[in-house]
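Heads up, the next two complexes both have chain A, just with different partners, chain B and then chain C.
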Partner chain A sequence: MARRGVSIIGIGSTPFTVMKERSIKDMATDACNQAILEAGVDRKMIQALYVGNYIGGILEGQETIAPLIANSLGLNPDIPCTKVEGACSSAGIALRQGYLLIAAGVYDLVLVAGVEKMTSASTEKVTMALSAGMDPETDRLTGLTFPGFFAQVARRHIKEYGTKIEHLAMVSVQNHANSVSNPRARFREPTTLEQVLNSRPICDPLKLFDCCPISDGAAAAVLCAADRAHEFTKTPIDIVGSGQATGPSCLYDHEDLTTLPATIRAAHQAYTESGLKPQDIDVVELHNCFTIAEIVDSEDLGFFPKGRGGFAVEEGLTAVDGKVPINPSGGLIAKGHPVGATGLGQLYEVVRQLRGDHENQVQNAEIGLVHNMGGSGTICTVHIVKRRG
Partner chain B sequence: MATGAEQIPVARCQDCGHYFAPPVYSCAACGSGRIIEAHLSGRGKLATYTIIRVPPLGFEGQAPYTVAIIELEEGLKVPARLDNDPVSNDLELFTPAHFVARRDGVYWFQIVTQR
Partner chain C sequence: MARRGVSIIGIGSTPFTVMKERSIKDMATDACNQAILEAGVDRKMIQALYVGNYIGGILEGQETIAPLIANSLGLNPDIPCTKVEGACSSAGIALRQGYLLIAAGVYDLVLVAGVEKMTSASTEKVTMALSAGMDPETDRLTGLTFPGFFAQVARRHIKEYGTKIEHLAMVSVQNHANSVSNPRARFREPTTLEQVLNSRPICDPLKLFDCCPISDGAAAAVLCAADRAHEFTKTPIDIVGSGQATGPSCLYDHEDLTTLPATIRAAHQAYTESGLKPQDIDVVELHNCFTIAEIVDSEDLGFFPKGRGGFAVEEGLTAVDGKVPINPSGGLIAKGHPVGATGLGQLYEVVRQLRGDHENQVQNAEIGLVHNMGGSGTICTVHIVKRRG
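Right after this comes the complex of A and B.
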């Protein structure tokens, strides 16, 4: 079935940082208003709202946030407003729902958003809340955590491919260097290999600087039928490929303990739909919740052969001026990871790259890829976006 | 030093014979609802592991503790806790491990000390 084209005509984001004084409603309203104002649309014309959020229920006691945000924004009460949840890929799913409904011809204008408020809770409570994305009858009973999940992937990757602890540390150093110029980032200071290697162990072999920081934030985008985008903007960014796939719910069910197959499947869908290949991508924002995740994702997305992701970082291939610039925003590790907002925060960064006005600009970026992962490699969305020539 | 392994209870599909880490409510391989308890040797190897030093609520008193994946000699991978105190980062992957007990739904394994 031929799908109708879908474009991004407006984006918005709060910083991804510690904002204890701001509520879910406040942050989401801010990001959405930025996107609506930038798009230049009358907010009453928006035909649907999708909001990604993961643990607002557990940490803030707040559910039913889609109508809460819609009413705060003053959207048309005739429209459906729906929260979607898929752990840390909640915002990627919100984006894809908006994309699908426009592509199918149901709507012309959809607002998509993601939001999370995390820093007001204790680390133990946040760790427990994040574990809600695990199987409660198996993995969670053992006291496994998401950092522990990726630590097990890291240990196996090191054993099978000769990936070095220093490779993991280099990922952290590069992301921290990238976020220095990003005003939306939580960390704005560079870090050194020694600082990363000497940081506190969290779940061996991962250390504190291998992990993304608990953060607050919201991000949003206004999506529009591609054939109407010119009514609102001279610089629409087209979504040319969209994929979502499912992986095992537990690490022990993964056939290969160093690969997250949901990434491979979602990427395959997005590459196929767009007719593009990994080598066509100019800039990537991928889901580096932990340093090892950046290495594994860069392989699973097809940028490097299996086992070479760490070496690619060492060789400078993923730097902002490298062959495959990865996470010039600082990624989840240094920009921050307000879990339910992250997928649209990644999209925000890539759209700015394709418009050519990012603070850490990749030269002449025309095509970008956004990879958003949730749970134990359980959910993945991949979107490929392109500026018009 | 662990000398022998206890047999490990797992789930098995009565129709297609597929093994699973329990609990399972229908066979994800063939769709059958006829799931029975079966026993495997309890001998396996350490597929990967981590030491949890920042635990979730409910596990604070236990940290640091070792969470692992054991690949049983029959091929099934299961989630496990290692019965090792003090915890150690020096365990080599693929080291033999023996099933000790299943407590509150959690498999406990012991590393087999090499002589």
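Right after this comes the complex of A and C.
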């Protein structure tokens, strides 16, 4: 297929924090309105809406949110409005649907959004809800939760490659340092290695500060056919590669617990489509739901050899001024992780980086990568975006 | 955009009935395997999976089902697997995603499925779960449920057009008569007008037999680029028109309660794309979640003038041997309504009609229409399918 170029012409985001008083519809409408206003597009010209959301049904009793948001926004009722779900990669999937359908010539203008409301429920209920992303006949049956899954990944990574507990803690410290300047972040205080190492155990070897916080939030983007982007903006950001792939849905199907193959597969698609390589990427927002995930993802995305992700953090390679700046936003660990919103929250941060107006700016960032994962590595999207010439 | 033709080359369905012992994954895997085997396609060649599901999160605590089903089927892990949700039109949306992406040249072979598990929960819990398709800030806040919404539609239709209670009952009698021969149907006993009229009130004027039953089930189809369909089957069924549109998400936004504008909009898209008119359609499966919905839908789809839908049933026009055969399967009323599966269950029935091997066959059916609706007319898909040559 001959694909058309696709550009991001407007972005919007609520903070990722605790917003008990706001509904799913309200937060999503807010982020979408920001994106529409920034794009300067007449909302009646938008031709489709895709919304990512994961556990709105279980926690808020709310499904069918896409048309609700569309009506709240005042979009044209002739257009299709669809919710997509793939656990914590739901917003990445929404982005990809919009991208694919513009690239293929079906639409010129698509609004994509992601949203989640998590903090009104008890921690126990949220943990139960999140386990909806596991297979009830295998992992969930054993009582395994996502902290348990990633704790096993950490243990294996430590055993195989000599990764240290301190490496995990350094990831947390760096993400918390990065989020200090990010007004969208849930946590804006720096932490120390000692604080992280002394935080209470969640699932050995993961401690509280190794885990992302339960959060509320929404993010959105207006996508446009690249050849029409200049009608709306002087600074279009082009999507130059997109991938979505599947991984094992239970622990015993993972051949090697130190790698999440859905990431490798999705990244391969995005790199191939863009003709770019890991060393071409200037800034990365990756799915660090736990500190070990940042280490594993940075290897699976090709930035470091397998086993070297933790050492790369220690060497400062992933700092904002490092060779491969990872999660200058603070990532899921410190910015927050409203699960169905995260993929587009990551895109928001990278677009701001490529425009050169991020609060924690990577110098001369021209090409960015967004990595969004769901389940125990069960589903993954990767997008590569580029500032236009 | 120059669109390619898209064909259905294989279909599968479980019964739509009570299957308490079967999981969402199990039912969907079953329907998908039937479709794959019937298509004679190597499952590793399938390039994407879309799964429609509505309340699996709320009732079964199960999200992220698309990759779970893909792994259960043994699909290629390099492919994207995505759940889509739009209340009771979730499966219609899955069908449309596959259609669009093949039509646009992104994929050649896509598997689409719909599934729902409803009978393990209490009636109260199912009613609460279904209300997730309503706006919690308007209709749901008032305590309105879907039987309540459609009861108001019925009252208004009766007042405006002289539709009789007996017309509603005739819809039920006809659907129950149709499902007697359908081995996939939940109810296979004929009913009488007296039985329907004397069944217990649910929400006046709707009685028990005016309402579709809570059911379990799954349905699936393998879609293929039309120019490759003959590699797999001698009887491809082409999708010649597709529409998806949005309607009001609360009662007070309906200007006229006797019509559901999302149906009119989606049908307009499908008729325009296909170049066909209502009078070209030989067989229809439409979304009769309540008897009044069949009457309203048959008008909104253009088969009868507004207000004449009930009289058309009385005159036999919608019978299997009538001018516009509607729901020869028994429809949602008598075949059953596992909400997230229904749209592809309807497609299954129409494909069997166009192949000429349905248990309740419409003579010489060449062109069929499938109408799938979600919420209180909030979201709708319409597909027109045609037997080749």
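Convention: the second predicted complex is superposed on the first by the 389 of 389 C-alpha atoms of A that agree within 3 Å, B and C clash if a C-alpha of one lies under 4 Å from a C-alpha of the other, contacts with A are read in each partner's own complex, and residues count from 1 in each chain.
As a convention for this text, a residue touches a chain if its C-beta (ideal position, glycine included) is under 8 Å from a C-beta of that chain, and two chains touch if they have at least 3 such contacts.
This one's a predicted model, so the numbers in the text were calculated from it and none came from an experiment.
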I'd like to know which partner A:84 touches here: chain B for first, chain C for second, both or neither.
second
Name the contact category of A:106: first (chain B only), second (chain C only), both, or neither.
second
Tell me which touches more residues of chain A here: chain C or chain B.
C
Output check: A:253 vs chain B and chain C. Expected answer is one of first, second, both, neither. What do you get?
both
Please indicate which partner A:313 is in contact with in the superposed arrangement: first for chain B, second for chain C, both, or neither.
neither
Just to be sure I read the superposition right, which of the two partners does A:137 touch: chain B = first, chain C = second, or both, or neither?
both
Quick check on the superposed pair: does A:262 touch chain B, chain C, both, or neither? Answer first, second, both or neither.
second
Looking at the overlay, does A:127 come into contact with chain B only (first), chain C only (second), both, or neither?
first
One more residue to check, A:151. First (chain B), second (chain C), both or neither?
first
In chain A, both chain B and chain C touch residues 128, 131, 137, 253
Chain A-touching residues of chain C, taken from the complex the two chains share:
1-2, 23, 25, 54-55, 57-58, 60-64, 66-68, 70-71, 75, 77-87, 93, 96-97, 100-101, 103-106, 128-129, 131-137, 244-249, 253, 261-262, 265, 269, 374-375, 378-379
For the complex, which residues does chain B have touching chain A?
21, 23, 47-60, 62, 65, 67-69, 77-81, 89, 93, 104-106
Chain A residues touching chain B in their complex are 123-125, 127-128, 131, 137-139, 141-145, 147-148, 151-153, 155-156, 159, 201-206, 250-253, 257
